[in-house]
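Both complexes shown next keep subunit A, but they swap its partner, so subunit B is in the first and subunit C is in the second.
Right after this comes the complex of A and B.
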């Protein structure tokens, strides 16, 4: 079983790769809309990658209002 | 299609539609690649009538208000039907609002019943906003897990009456719905939409974009939004068409739905349309040079052949692969909720995919103008719909002035706010607050706003007063949020931004600490509600005798600054 820290780190790594930003740019508390300059649709695209990676289904409502990696990790962690 | 002139209410028309189109498919619901449900109009009736009976048994009666907070799905429409059937007033609320905002609107609307889905209820039931909203006495929750703590709610699936419910008639001028156009943080704007408003709007819209049995509408915009309520529920149902719901709106599943369900119409906000454009453009750019050349030539031929009107048969043959990706049955993409850039509209039209660009306001009962594609015009929002009178007030030398509208679709007023109603609807004319001109062919061209608000590409109306609360206790002398466009008008309706105007205490500096505090508060807002910069003003804000900020006077004072240097980025 992953720890919350591990889950957060894996999300950051996937986002780094998905949005092609330099490694080490993103931190757990970052607001990903602001830091990555993405919109709500691009966030939804990333969710599908996260679902495949973690082997879970994450309903859209679970990420409603979530804008930082740590909270996103908590939502994913509760479904692992 | 039903002859809607014969009907008094939304409920009466829907009731007849269920019988007239009993064997037609009315709803398809999919979750990712799985189809969850497919209902005929007969099936729909079998689900909705027991719910209507149960509502009546629980004391719900004529004129009572019931709110729905749900993502797009069959149960939304079944619940709305049951509310109308029993003579109730529907209060469709945005599921994307925060729980406290939802309770605030529930309280304002005086809704006594609430129908929602379990994940939303889980958050609503523990929200601090619940206690003051005492008017809600019955809560029905869908899809709750078997061991779920329901916090006083009942399971939607188990609320069923055994006998036939009694239909409750309503009059044309009775309120059918209370639709909130804004006001979650400040002054709630609950538009009271009458049965006549809906019946007339439906007749006008379907005269240009008709539905019939076999048509499939893909419902993506939230159903609480006036557009989806009309073209994703009332319109198709009164014509025997089908509505397709997706439980997840990830772009890959939306793309798949077009071809899987052979979609005829879809409504999108500009953000989604632009995303589709980006995806298609990337695919075209990746074509090998030879194929790209051939493709460009086919697009040019299509453009020439569809100059005066769409010719779907020809476009589908010429640009087969593009059309197959959209299911090859798509007749029009309806775009609304916010202004769409002409180049995006033109991009799709050149591919033979007509975009029904329009303009509307919740207060106007949805659409005011729509592009009738005769011919397609990317530079306008179309002509007024049948029954709509559109005028331009005090036009400048270029013909631009405030757009005002009169029709049978204009709301009866704002709930509990006669003062605001009187300012907004003057002698039957809706003052839209938008600026535009009518060209020689009767097309409306929008060019800016007179009102202090912004509309995002996602179709969200943001009023500065609604977000000011977050900044209220900042350690400064006084502050105010504005739409930058309101202070420095520009002839554009895209890229609109909010700014925070700050008057510092005497001797106070705009330092890093204050900037951090502003940023922290800004981040508490949903991403599309955030301010983009700060404007410093070293003078007292003009105020009324009751100490309210005179926003228009303050805006005039700020206008003397150059926006390029006055707005300090965060």
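Right after this comes the complex of A and C.
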């Protein structure tokens, strides 16, 4: 079972790779919408990336209003 | 017409296969411009049918097959006319898109939607009119319409019910959530899963196999296993028009078109 910290780190690594930002740019408390400047289609891409990586389904309404990696990790943890 | 390049889409016939490519900024929204070119496409079926085994529909846009009906245009058009005239305008549009999708649904060749990225609302309804969906593993499917106060209006509910039954439709409709390609494959919405960026290649390889079979047998088999739910399609148009003309829907659409946030399909 992953810890919350491990899940957060894995999300940050996925986002770093997917959006091609330099390593170390993203932190657990960052607002990823602001920091990455992503639009609605990119949001859906990231959702697919997360679901495929963690092998879960994460309904959109469960992440509505979530904008930082740590809270996103908590939502994912509840589905693992 | 074996090839065509329009403002929102293009098609090209080659060795028994027509490839229809949606290419309309920003996200292949289906409004009057794309509808007119889709009508042109199905009008060309008469000449293409004798030489065509397969039609592949795909998108040239990054990260999206189609975001669905053009809600900005729908809102602008509806807002520009008196309330009592809105229903007639929407109905006329729906009658036209239903005619196109029914023609696609009953085409005597095999139709494949090669889907990558977002396939939402009317985009999913277009894919559902096809015989098979081949999806990139990053594809996502949804019917977000209930969140705006109406239902899918391009024939999506009757076609999904025909293909999969009711349980999955209720999940999609009542939550408005997007489901990933693996889930869509598990429930039978997606026929074949493709790796990232591979949906069109796999659709072409599938088409090459399909072209080997006898045309009459292929067309007869399709007609036999894929009846068109005409009564439900008619009722869907009526229900859509009934729901659409309420003030709450116009308010929800206004909020949607003015929202520039990262999840505008969520209220």
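Observations, loosely collected:
Just so it is clear, the second predicted complex is superposed on the first by the 80 of 80 C-alpha atoms of A that agree within 3 Å, B and C clash if a C-alpha of one lies under 4 Å from a C-alpha of the other, contacts with A are read in each partner's own complex, and residues count from 1 in each chain.
Methods note: a contact is a pair of C-beta atoms (placed from the backbone, for glycine too) under 8 Å apart; a residue touches a chain by one contact, two chains touch by 3 or more.
Not measured: the values here are computed from a predicted model.
Within the superposed three-chain model, A:39 lies in touch with subunit B and with subunit C [touch as defined at top].
By the touch criterion defined above, A:16 lies against neither subunit B nor subunit C after alignment on the C-alpha atoms of chain A. Applying the stated contact rule after C-alpha superposition, one finds that A:71 touches neither subunit B nor subunit C.
When both complexes are overlaid on chain A, the residue A:59 reaches subunit B and subunit C alike.
Looking at the shared chain after the overlay, A:48 reaches both subunit B and subunit C. In the three-chain superposition model, subunit A touches both subunit B and subunit C at residues 33, 39-41, 44-45, 47-48, 57, 59-61, 64.
The touching residues of subunit B, when paired with subunit A in their complex, are 32, 71, 95-96, 98, 117, 119-120, 247-252, 271-272, 275, 457-458, 523, 526-528. For subunit A in complex with subunit C, the residues that touch the partner chain are 33, 38-45, 47-49, 51-52, 57, 59-61, 64. Of all residues in subunit C, only 27, 62-64, 67, 117-118, 137-140, 142, 175-183, 261-266 touch subunit A in the complex they form.
Residue ranges of subunit A in contact with subunit B, taken from their complex: 31, 33-34, 39-41, 44-45, 47-48, 57, 59-62, 64-65, 67.
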